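Paired with subunit B in one complex and with subunit C in the other, subunit A is shared by the two complexes that follow.
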Partner chain A sequence: MAYEPQYYPGATSVAENRRKHMSGKVEKLREISDDDLTLVLGHRAPGSDYPSTHPPLAEMGEPECSMRELVEPTPGAKAGDRVRYVQFVDSMYNAPSTPYFRSYAAAINFRGVDPGTLSGRQVVEARERDMEELAKFQMETEMTCPALASLRGATVHGHSLRLPEDGLMFDMLDRCRKEGDVVIMHKDQVGRPIDKKVNLGKPMSPEEAAKRTTIYRVDNVAFRDDLEVIEWVHRVFDKRTTYGFKPEN
Partner chain B sequence: MADDRKRMFAKHMEIKYTKEHGTNKMEGGEITDMTVEYHRLGVDQNPRKLEMKKAGQELAKKRGLVGYNPMMHCGGIPLGQRALTPSFLSGTDDMVEIDDLHYVNNAAMQQMWDDIRRTVIVGMDMAHETLEKRLGIEVTPETINHYLETLNHALPGGAVVQEHMVETHPALVDDCYVKMFTGDDELADEIDKQFLIDINKEFPAEQAEQLKAAIGKSSWQAAHIPTIVSRVTDGGQTSRWMAMQVGMSFISAYSMCAGEAAVADLSYAAKHAGVIQMGEMLPARRARAPNEPGGIPFGHMADIVQTSRVDAEDPAHVALEVVGAGCMLYDQIWLGSYMSGGVGFTQYATAAYCNNILDDNLYYNVDYINDKYDGAANKGTDNKVKATLDVVKDIATESTIYGLENYEKYPTTLEDHFGGSQRATSLSAAAGSAVSIATGNGNAGLSGWYLCMYLHKEALGRLGFFGYDLQDQCGATNVLSYQSDEGLALELRGPNYPNYAMNVGHQGGYAAITSAAHAGRGDAYAVNPLVKIAFADKLLPFDFTQPRKEFARGALREFEPAGERSLIIPAK
Partner chain C sequence: MSVTSSDTNYVQLEIFPSRLLKPETAQNLLNEIVELEGIIRLFVHGPRLPQTVPYGPATGLPVHHPGNSVIEVAGQAIELAVYIGSIRMEVADSDVKEQVREVCEKVLSVSFEFREGNFIPRRQTVSDYAKRGPDSDPLMTGMTDPKGKLKDQPVCILKPDDME
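This part shows the complex of A and B:
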């Protein structure tokens, strides 16, 4: 019998969305071109070569090693790319993803990634082209709403602040703006102005965000109503506690 | 119950977020609104930031070298792109600027730590036995009074025994003194009142009986060396300074020979055998002396704070004052400065003792417990509920979900606790303290803390920062472990406990959970009766019965600290 990953408990839409994010089976909602992605990430000029920190692995004469034979290097590792980052901030007001679910999605579905999970932001470090593959995936799919989530390398403040009238999560550095019915980004991740405005696509409506979110909220899907998740948390808690008390059990 | 309840933070949120402060244009709206206008007014919207900006400009002009300049922030985008709002110290109506809750800007915070660091408790009985049994010198209440008068001259830096000595100026060390206390009521009656911490007077009768039973007829000195000495040196100096002056005072008061061998016994008693430090010495990798904050066990912090003797009927209040004191010392000073650096730790810490958000959560829990568990949150020992995992799960889950829903129903509270670590501290301190109050068991409370962290993480898909989450995911596993270097009774754990050593936002909560267990039972002390009694003293500059009020006085520039140098510097 083939193993079917279950990913996450719960009987609500939030739990279902969490399973989707973890499985990688998310809906693509928009297109971001490679050059646009490069611009907003801000690590190199669009069209330029990937800077490298070592020659391609094929040219390095690697030592004989069973692990190296077993594990196929990622494209970025093969090419000798430097390690770069992408960092997302997701609003508490029904942003589609949350830091832990971005991390789970990255760790489960991508190779060679190093996710870091905080409360207001979530960072993934990887070889540059591997990171870009992940960033593009997350930006183009239902994991991201351009109004309720944004790329912020530094000065990330805003995930828990009230929304302004235009619905764009507060950003001290004003990296994104609403223009017409789309969100544009005119600064890169760390707030440096970029040469052109990058169209990040249409924001989700409040109803759509509520439907796609992975965060429990009392005004949408209340945490206390997802009894299976609470029961599962209690089970984890019981096991961890009693294990420390009586390891032989 | 939850929705009908008037939130304790409502008034503070209304003033912070619907009334203008300075020129921040934060006028109108409701504290339940999910949208707001951001005016991006910069630092000029806030009175304290303006004062600081002006001071920075004057400094640059005066010294010819630039200093504080808010336009250096984010390449010319200053703080204040959102409204800069003031804060209220929880449990008070005192509104303060948040900058004034950094300990550098707050003399009361500095003095709280000074008063702990410069305190040491020294037994008198060992010295008296040496005098009586070895030297045949009679010790009477009269000789003790004479000795204490001598020591109150010598401890601040007055000379005894020797000629042509340098002395400290009394006006610079006016906060230095020693008092004694004893469980022997007959002896206490004979001690000059100026020298006595009177247990019967300072504590409610029930607590006084507990304390006297705990310490028996033993006698102790609570010595506070000068603040200025403690600031120049470190916590390790406290017992050394005290022991030198105690030794000299015994020689003088009892007309001993300065070189006789018995002096070594007195010295040994004062330096080692009869000494209670407020904080234990830390291991070499942290390289701190005794009486530094990393060595202060949570039980000691619970005993240093004195709310339990002035408001014993309200265990939640007792725990909340310990949260304030603990977060300030452990987070802002210990982790924020000794172990790390910069200014960021203040934001974590103040969330737990400002704007009544934690207070509301904990008092909700008290009502919940009293309703469901037949008054188990009231002070007492016969009313406690048995500490089981089912009880922990029930109380901590209800507490956590109530607190989380407040952030969702009142977006201004979410904006106030704008970081996940702030929310995690507040929610877990409420859950843990509530379990402690209900069960009278600090480790059960700690268990509630960890469950709260799990629930919070799963509800919001986020918790705190990397290290925060790491420690809170593995902590439950050692809640019930008493193996060395893994677990301990919470009273005996402290900031240097392996899993807590870099654990910002937690240690004040742990101290509160410790204190809540004992306040819930009506205990006179958490772990050390001597520490509890030593700080039951109105002469200390910092009032340990109300730390949060004192922090407000510091922020409002109303607090009068000790150890000032104005006597010996040019007048301005």
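This part shows the complex of A and C:
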């Protein structure tokens, strides 16, 4: 029987969502066009060619190397794209994902990505078209709620603040606004105004966000409720202490 | 020696809503509060709203945040520099405290924490001395915007007649 990775222990909804994010088996909830994505990322004009930093690999004439023969380059690397970034911020108020699980999702399911995990934000650097593929995946699926998570290249302040009255995570650069029942983005990820309003879709209701979140919270699913997770966390800490101690030295 | 502290019998309160307040809600709440007798002084507290993008590739572009609006309290226009997260105030006694609580229950549609404690300095601190010097009005103690300038007059006197 083929081995199936288990990814994460636990029987609660939060543990199940963590497994979903890590395995990439997440539900697609909305549609964002390529041009809209390019607009909000703000790295190039929509519809323009990908600027390149070196000629395509096929034209470069690579040196003979068994590793290069073994590993297929990603489409971005093949074409010589620039390295660009996408950065997400997730609210502590039951946002669907968290920086750690975005990084796990990127590193497990995508090639040629360099995820950076910070306390309140998560950045992925990759060749431009590879990065866009990942950004689109994360924005269109249940990994993102337009109200509780947002694309913020600079000035990420807001993930740990209380939500404003309209439920949209506080953003001091006002990149997103709620219009009717959808969230629109009228600035790119660093705060430059863009030509059109990009529809990011409907925000999740508080009940749905609580159901889809990967955050353990005392007011939702408490970490201490998940006995299997506790057992494994204790085991990891125990083993780390034992092996870190190195009694033979 | 000059008087450097406000009346220590005053009660200090904090209203801490579970959501950051829209300028309109904050205006309604503040207008109801200032109508009460016995409010000595208050200030609003919350995350600051920049006028221009402070860093990144868009540095210097105007932000136009909807929270950065002008509200009218007791007939005076006040430009908000923060998105209101809490309101801290000093009131005359615990009767006024209960009246403030009733106003909050009436105006706020979200749940809120309401507590008594020490939120505004009652005695002059080194910062107050540096900003206003000796013999300053004890009511002004602690009433300052840490990132503002005194020349921009950060403190509004809402009811000058009551100052007598």
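Methods note: the second predicted complex is superposed on the first by the 245 of 249 C-alpha atoms of A that agree within 3 Å, B and C clash if a C-alpha of one lies under 4 Å from a C-alpha of the other, contacts with A are read in each partner's own complex, and residues count from 1 in each chain.
In this section, contacts are C-beta pairs under 8 Å (C-beta built on N, C-alpha and C of every residue); 3 or more make two chains touch, one makes a residue touch a chain.
The structure presented is a predicted model; accordingly, all values stated were derived computationally and were not measured.
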item: When subunit B and subunit C are modelled together on subunit A, clash or fit; value: clash
item: Partner chain(s) touched by A:I230 [first = subunit B, second = subunit C, both, neither]; value: first
item: Contacts of A:L118 with subunit B and subunit C, given as first, second, both or neither; value: first
item: Touching partner for A:G191 - first (subunit B), second (subunit C), both, neither; value: both
item: Contacts of A:R162 with subunit B and subunit C, given as first, second, both or neither; value: both
item: Subunit B versus subunit C, judged by how many residues of subunit A each one touches; value: B
item: Which superposed partner A:D238 touches (first subunit B, second subunit C, both, neither); value: first
item: Subunit B versus subunit C as contact partner of A:L173, first or second or both or neither; value: both
item: First, second, both or neither for A:G76, with subunit B first and subunit C second; value: neither
item: First, second, both or neither for A:G153, with subunit B first and subunit C second; value: second
item: First (subunit B), second (subunit C), both or neither touched by A:P96; value: neither
item: Common interface positions of subunit A, toward subunit B and toward subunit C; value: 155, 157, 161-165, 170, 172-174, 191
item: Subunit B partner contacts - residues on subunit A that touch it in the complex; value: 18, 92-93, 97-101, 116-120, 155, 157, 160-165, 170, 172-174, 191, 214-219, 222-224, 229-230, 233-234, 236-238, 240-245
item: Contact footprint of subunit C on subunit A as seen in their complex; value: 42, 153-155, 157-158, 161-166, 170, 172-174, 177, 190-193
item: Subunit B to subunit A touching residues, read off their complex; value: 33-38, 74-75, 77, 81-82, 389, 393, 397, 401, 404-405, 407-409, 411-412, 414-415, 417-421, 423-424, 447, 450-451, 454-455, 457-466, 469, 474, 476-481, 486-487
item: Complex contacts: residues of subunit C adjacent to subunit A; value: 17-22, 25, 47-50, 53-58, 61, 63-67, 83, 85, 109-110
